[in-house]
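Look at the two complexes coming up: chain A is in both, with chain B in one and chain C in the other.
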Partner chain A sequence: MIDPSNTGPDAARATPLLEVRGLSVVFDTPDGCHRVVDNVDLQVSAGRTLGLVGESGSGKSVTCLAVLRLLAVRGRVTSGEVLFQGRDLLKVSEEEMEALRGCQIGMVFQDPMVSLNPVRTIGWQIAESLHLHQNLSKSGAAKRTLELLDLVGIPEPKTRFGEYPHQFSGGMSQRAMIAMAIACQPKLLIADEPTTALDVTIQAQILELLSDLKKELDMALILITHDLGVIAEAADDVAVMYAGRVVEEAPVLDLFDSPLHHYTMGLLNSLPRIDRSVDRLSAIEGAAPPPQDFVEGCRFEPRCGHCDDACSGVRPDFSQISDTRRVACMHPVAAT
Partner chain B sequence: MTRYVLIKVLRSIFTLWIVVSAVFLVLRASGDPLYSVFSLGTPEATLDVFRAKWGIDKSIFEQYVIYLGDILRGDFGTSFFDGQSAWDLVTERLPKTLLLGGTTFVISVIAGVLLGTIAALKRGTVWDRGIMTAAVASFSMPSYFLALLLILLFSLKLRWLPTAGADTWKHLILPATTLGLTLSGSIARFTRSAMLEVLRQSYMRTARAKGAPRWRQIAWHALPNAAIPTVTVIGFQLGWLIGGSVVIETVFAWPGAGRLFITSVGVRDFAVVQLFILMVASTVILANLLVDILYGFLDPRISVTGGGGK
Partner chain C sequence: MNKPAAIEPEILMEVRDLVCHFTGPRTSFFGKRMIAHAVNGVSLELRTGETLGLVGESGCGKSTLGQLILNLIEPTSGSVSFLGQDITKVDKQEWRRLRSEMQLVFQNPLGALNPRLSIGAQIREPLDIHDIGDPDQRPDKVLEMLEAVSLPPHLLERYPHQLSGGQQQRVVIARALINGPKLVVCDESVSALDVSVQAQVVNLLADMQKKLGLTYLFITHDLSIVRHISSRIAVMYLGRIVELADSKELLENPMHPYTKALISAVPVPDPRARASRATIRGEPPNPFNPPSGCAFHARCAHADEKCRSQLPDFRQIGDKHLVACHHAEALA
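Take a look at the complex of A and B:
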């Protein structure tokens, strides 16, 4: 399931393709502004998959939308840097950003059925990416589109080319979305819950496709999900987000073997596992706070069974456990 | 496909039959045309001669059967007053009406869609509020009142434009503006709400994530989707446009079929009124048919060939 050769410390130490530093995003609402992403650091290198895991509302999607500068009007970045190949994306012009989107950085969204334009053919929508970023003739773009459809495993590309999204199943739509996102062979692919809207059997196929493409095109992949199963299957490194903050970062094997944050621990304990026999799955008490209830101190404190006075009031700093592991907790789980 | 067309055609014929019958009945219930032509005191014997000549001496049922038979043969009757065929009278004035209506329609659709799109894109700004205020004002104001305001300003005060007639392009400006303001106002409102709906769809974010520039997102992704509900509304507005032009032709003394219609109603000129309404009904039905066909082109989810409806 997990390829151990891929998780060595050397790979992670390479210069990251994308480095997010201290990113904060606030949403302006009628009852004040909420900081939904709070000082987030992330990094991902070519050929690696970063799994970004967290509950709904933990800020994982917003972080990635902010990277591509695709936030809705009421969301804005208040601080931080998004370094892509050394360039701060938050500082480049909108025109430069347009040239990057879909070309150097591709994005796949959660619900493929509504993320495709209903009045345009699949072929048109994929060819549009090529048309926007590559100097291809019309027939050249059509030929390349057919290759892409074939690459993402859509049978009978010639027929499918002229069909509309409503004629596609969910899985096929997501394949088409992926074809669109990788059309220009991006260096970075961000997949925002790419399998959430799909059947379980289709989920596995899509994850496999993403992994294959990542290897084939030597991309960096950011995989956003709330599903630890998906993380275990596809990620090399994991960043766990809770209430707008990253609370733990680790290579995937280490994370599953010995989680350091009590939240990660809770998540893993709530998961049915073959290698541990449990009669009853444990759940984390309480619910993740909405942005208006975010506190300054450790945000997991209200639900944590291992906290003391030190936990509230001050944001816990990251402790660097090893080259590749860090955790933001005053009393991390003792490593076993 | 054939079945679909056949049903449409049959339904259209049925609608036309209802319209024709209703107009026939209402006209004959609304008074004797003889009294609007002859002065009081004309001897009954004279009136009877004309009654026989115009075919209104028979029972209403006989008249109805004869009338339907005539229509089917393409004979739309003769005007009571100048003895010309109703067909000639109406078609002679039709080009002027089409000129006014066509100009208004084309300009209104362009202006309405453009302004509605701008309002949607600049939602909540001065642009949006300005355009929407103007739109509501223009279509809530009765067109004849708007006409009078425009005449006061541009004809009486500024003396730029003529108030009546149809000799030059200058004559076209005021009536077309009056009609067009109302029409583009409602089209702008519908386009705006359709656009707002489309702009928040996920596929618009996909287009942005693809690196499509703003204008391309609007023109190639948003507008084709917003066109689907907007076309329906524009189709309905065509019927309104004809009704509105009848009023406006009268206000601006525009020598079109609409003004002929008003005069003919006044004097109970049966044949002319009947033909005019038959034409209006046919136009509206054709427009709706056109909208249905356009749907098939605009929205791939609607399959006309599948024999299903909307």
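Take a look at the complex of A and C:
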């Protein structure tokens, strides 16, 4: 268990901009309550990129929606705190939260085509957040919007300003979404699978853009993805999620050099890679459990080749391996 | 049972100068309809027992090509022959017989399965439709197939929504293979699956190929998977194949600037490889309004006047390496 007084990782970096402590999210469904996010701790500092990686259903998107207080009616946070610049976002009023969202915290979603309003021009949509959050005049907002379009690499901003989403390609719409998210120069940008719907050549361009913007605006970035290739490309620190829990946290180089959790190891081994060929992929047998089958003990146990009696029944505690690394496994890879 | 041919593999399927145009909206109220050149003169062959990977970005026409090969849509011109027989010209009865020799596995298994049929009925259906074998023995055949794709027998009575994504895709594969087809077109068959499950299904496809001597046309946007599964790779760009070679040769010695860009854009799960990235500018051109000359010239760093005006030939360079680029030799 992490000792709150242990300031090791914090001292090594700056004070985190966002700190999530013990966050749990429950979804009420007709067949019972399911805890889809279970006691998750995360932190990210200004100028850093936290990569949140996991398979579908691991709770990575729900965690971020909970941080923004955008959970659907059935989802509710049952415990934990979300400290943004020292304030608990779960306790502030809805008005304050509205002022924070889109201003201090920006968000980019997976599918730009459904996130954009089809009956408004791109320029109008970007200017809208400038009106709302920065009280800019109409001409002021338009001027700033043109700057933003230019900043995110949209050619001919003046023409594009008056166009509608259907006239934009997938890559261009995602650029427009990013322009909208950074319009008010947020301190934190949450990008949920920002490149999953895009082609690889466009994905490379968008990842480059995000990393440039992060430097330019000194933002903290949370990058949610299922793709370890994207993580290797863009993240500084990584949290690996499995079945609603964070199972391993490490700086990106350490994670890829020496994964400690057997799930991380299995995930890396099961990736087909363009830079080397193998005869057979080493798949992880079975599938991740759905929320109704979540157990208290280690949730990876049924698929793990290194488990014993100690693994079931009790939740594996985090062992702090170094200042920056921790893993929730009874028998981490290095020890076996 | 089919056996993969030994030395010179026989040609299972041959596509010659295949063209498929789709008509789009009118340019104006009285104007002509716009034409999308989805597939624009493709020639290739599939040899028995091989896996040909077909890669390209969205909109390049790779799925259209897959559907043309299965005669699901009619080509504008060109021919598709299966074991020497032009399938675009065969009569209905003959086509019905041929159809069970070629199968398709789609991206989204839940969309491909009938939500109101049990898994067992689902896998059995092709046998009933094509009236293959003794009806009394069909349940055994279904069970055998279920085992072959590593699904437990108790799933027979379940329905698609009760299965996980990986299990659903196994059912789709079982259903595709139960008639003993020769050719399977896999259109993004593993793209929707999580990495750990994706590896299982890729391994399953490889096992079934070994066991049944199948030929795959593996359509995907993911070059990492293609490297793993294919013996040869064809790269498509705006309706044309721009490069075709053995997998290892293509990935280690790409000649077309587009192939090079595509390979370098694939994120490698190695944080130390970050710096070696060369991104290309721009986006794929609009198929309604394809550029003159080489379709890639607007995004290519090596383009010159010739590229802008002349369409490059698809020609052979080196050992079994075909490429459509004016400057392939100079860039190699």
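Throughout what follows, the second predicted complex is superposed on the first by the 316 of 336 C-alpha atoms of A that agree within 3 Å, B and C clash if a C-alpha of one lies under 4 Å from a C-alpha of the other, contacts with A are read in each partner's own complex, and residues count from 1 in each chain.
The working rule: contacts are C-beta pairs under 8 Å (C-beta built on N, C-alpha and C of every residue); 3 or more make two chains touch, one makes a residue touch a chain.
The shown structure was predicted, so the numbers you read here are calculated from the model rather than taken from an experiment.
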item	value
Touched partner set for A:99, first chain B, second chain C, both or neither	first
Dominant contact partner of chain A by residue count, chain C or chain B	C
First (chain B), second (chain C), both or neither touched by A:82	neither
Partner chain(s) touched by A:202 [first = chain B, second = chain C, both, neither]	second
Partner chain in contact with A:180 - chain B first, chain C second, else both or neither	first
First (chain B), second (chain C), both or neither touched by A:107	first
Touched partner set for A:70, first chain B, second chain C, both or neither	first
First, second, both or neither for A:116, with chain B first and chain C second	first
Overlap of the chain B and chain C footprints on chain A, listed as residue numbers	none
In the complex with chain B, residue positions of chain A that touch it	68, 70, 95, 98-103, 106-107, 109, 111, 114-121, 128-129, 132-133, 164, 166, 177, 180-181
Contact footprint of chain A on chain C as seen in their complex	57-58, 164-167, 194-200, 202-203, 206, 221-225, 227-229, 247-248, 251, 261-274, 277, 279-280, 283-284
Contact set on chain A toward chain C in their complex	55-56, 169-172, 199-205, 207-208, 226-233, 252-253, 256, 266-268, 270-275, 277-278, 280-285, 287-288, 290
Residues of chain B that touch chain A when the two form their complex	201-203, 205-213, 216, 220-221, 224-225, 228, 298-301
